[in-house]
């Protein structure tokens, strides 16, 4: 990372572009990532929102954005971005607006839309080479309605009372398979890595997609103050690999030197209590650890 | 009919308190309605819960505009959005969970309504305060027997296991007993009478310009007018003598853009908006940010103003 | 004069072209596909300036259409039947954006069973969405209505999207002589799109279509959309008169054919109404004073104009090419709501369901409907609702069913 303006932590923005006063929960890991991203993107943006927790960022007459926003629906935010991008291009071509009136189109969605209902619209946008940035705040469940499991749910057990009988869908791979300009995973707990990736994304054209793992105190059941620590544990245990895709290649941007046991990440969240109580589910814990080890064994 | 309104914060047991009272009424043979009501805000934000109970089938629904009993956490009384005092009548009983005395609240609020307080025990979590309030409310109605309150509690909280159930039971019964001198203070009220009712001032809505008449905000950052600082129960305070000015830590991690950086490179917390998540406290490398209870912080502020 | 044989689909495409559209988000579906194919060819050959984007679904197509209109360009799109239903979430959503554009719907019956032929249940599913709806009866009307629709949609006091409806096959694939207005004259009539304050620009931050809390602001925004649409009843006649003055063709809120001195009326929407016109002429020759009333605007519903047109008639027959399952004809119910409480309401309002899935309505059936009205008028008794369906059709259905059931039948017979 030589050509970045974010060499060290102290290069991070010290002024914030996203307004306070939103109704997101205290300690929201999604809002943490979003405000860090917005600090870099700035106000010459139009956010196209898909139904999710962040629908409620803008509630009449309050908005935290210094730029623009359009609420669409759960299934079609990338199509909304398409309509705006096309319209701005037409207006620029016809010289009806000067270049300084142009906006970057940004889709903002939760994992419910990104991993499920919105996959078709995202795939279509990538196929068409839509010039846009997609930000998914991934809190691994339908957080706005009480944390029902979405296809982005992490990993759990088929035996526990609250278990999701499957493993997290690999959205990064799904997106990368469409060969867009850029795909990256980020997390608010690693702001420098996040800043560099957003900086890179803004310098590229075409479809650029970002997945931000978003620790959710309400849905994951932990004290809000632990939000950042849990995010950091997700990286240190190898549960959330920080990586990027560009020009057909995937590279990891932060490889944990010595991965902590996944248990360290799981045991601090109420949503995984069934793995430890009333008795430790050794088999399941071993299986989860094995999956993570298998993933990293393939990472050079 | 009994019309009872609880005011509290999301995630602090208000919904459970309402259900507990509703179930207790039901076990007494009452017709009951109970419901929580949320806004868009989440954990920590003001919310309310309603309980109606009557010997006849209940036809009313939704918001209780004229309560017979209001139960409230004292930190919410000055919050306009919480609407704690909305629609109260001279005979509406106010039950306030507060460290301050009845007399303080009577002089502060200057209302005709009877005012009672219930003191949270030291270090009590908000959910147990809500439970105590539910017990106290039950006694104030004068129609709920202790055994039915206990059965209601077992119905509602039995799933938590025997230890937690026992702890809650003690709290609820303490609340119940604390109001023994005021048993039956809450009066049932009747529906609004037809005679002399206040006419609704209906209008014919005019057709207005589309940019005004659509849910469009033509402005930036209007959200700063929302004082999410009111959600806070704990306050992060920067001890500047310990601060190493590594603002990029706390200022980046604060999800709410509530930590700005001043010219000298010190972080400054915006208490109008800080929701009290305490991420900054947990992440500060030099432990220069500490958490103190919001009520304590406000008390110190008031003292400072007086000095 | 440029008069050509055009299909209804081509007429719709010509209307869009003459209106000076900038942007076409598209998705193919029979019987609408010819419209976007025609436009696509014009874009490719440079005969039309602007851009077409093929989306991955109608849901996305309507999202893109609304988003582009909200950014300030003139948008056209088209769909049909299942496509309209797939888009329905966004059909409702975009009307609240107050971003005007025109959507052509080529009517086609809905699944199940799936069919390609027309009736109006698809477009009527969008009845309460906030889209203005104009229904056409011939190919000339399709083209003309496109120009009128842009004027109406973009009118500063309205600003709502419009569905221009034409019937699949009977108009979409049917060629008729159509006079194509002069390009410059058409552009002059339609004018430039002024997005006003609703647009996305870097210099003007704007949050569109945000959430509201509580029923009170919600009521305000929804009712304002209603008021804006009702305003279209005031604005439309001015635009129709101006169109008539410029192009010499009048397209009113309603078409009233032989209505003035009529005792009886057929009430219909869409292109099957022209069949009723023929029947009116034959019945008039036989001395029966009957006419045809055809509402062109279905939303906003021209209640006052309809009330005036049917006042003092003896009997009406509403022939619905749709079916609200569990209720009956939709137009019948709408007309009934207009008549209740007006002084000279016709005593007889009969309901007929005909033309579902493109099933033909014969002249003899129109004659029989007229006879039913005359009889009902004499007895004062409204006949029960009737599906136009003959004994012969039922017999043919049974023949089909025999084939469909043949294997089950054999299995039953082979059982010991």
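Letters A, B and C name the chains as they come in the text, with residue numbers starting at 1 for each one.
Please note the rule applied: a contact is a pair of C-beta atoms (placed from the backbone, for glycine too) under 8 Å apart; a residue touches a chain by one contact, two chains touch by 3 or more.
Just so we're clear, the structure is a prediction, and the values are computed from it rather than from any experiment.
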item	value
Chain closest to the middle [Cα centroid of all protein chains]	A
Comparison of B-C and A-C by number of C-beta pairs in contact, larger one	A-C
Chain A and chain B: spacing of chain centres that average the CA atoms, whole Å	33
Gap in Å, rounded to a whole number, between the CA centres of chain C and chain B	52
Centroid spacing, where centroids are CA-atom means, of chain A and chain C in whole angstrom	43
Residue numbers of chain A (touch at least two other chains)	43, 56, 58-60, 63, 65-67
Touching two or more other chains - residue numbers and ranges from chain B	39-40, 215, 217, 219-220
Residues of chain C engaged with two or more neighbouring chains	97, 205-213, 217
Interfacial residue positions of chain B with respect to chain A in the complex	11, 39-45, 215, 217, 219-228, 231, 246-249, 251-258, 260-261, 270, 272-273, 275-279, 281-283
Touching residues (chain side chain A, partner chain B) in the complex	9-10, 12, 14-29, 31-32, 35-36, 43, 56-67, 188-189, 191, 217-218, 223-229
Residues of chain C that touch chain B when the two form their complex	96-98, 156-159, 196-198, 204-213, 217, 220-221, 223-225, 227-228, 231
In the complex with chain A, residue positions of chain C that touch it	22-23, 25, 49-51, 53-57, 59-61, 63-73, 89-90, 93, 97, 200-203, 205-213, 217
Residues of chain A defined as touching chain C within the complex	43-44, 46, 48, 55-56, 58-60, 63, 65-73, 75-84, 86-91, 94, 96-97, 100-103, 120-121, 123-124, 127-128
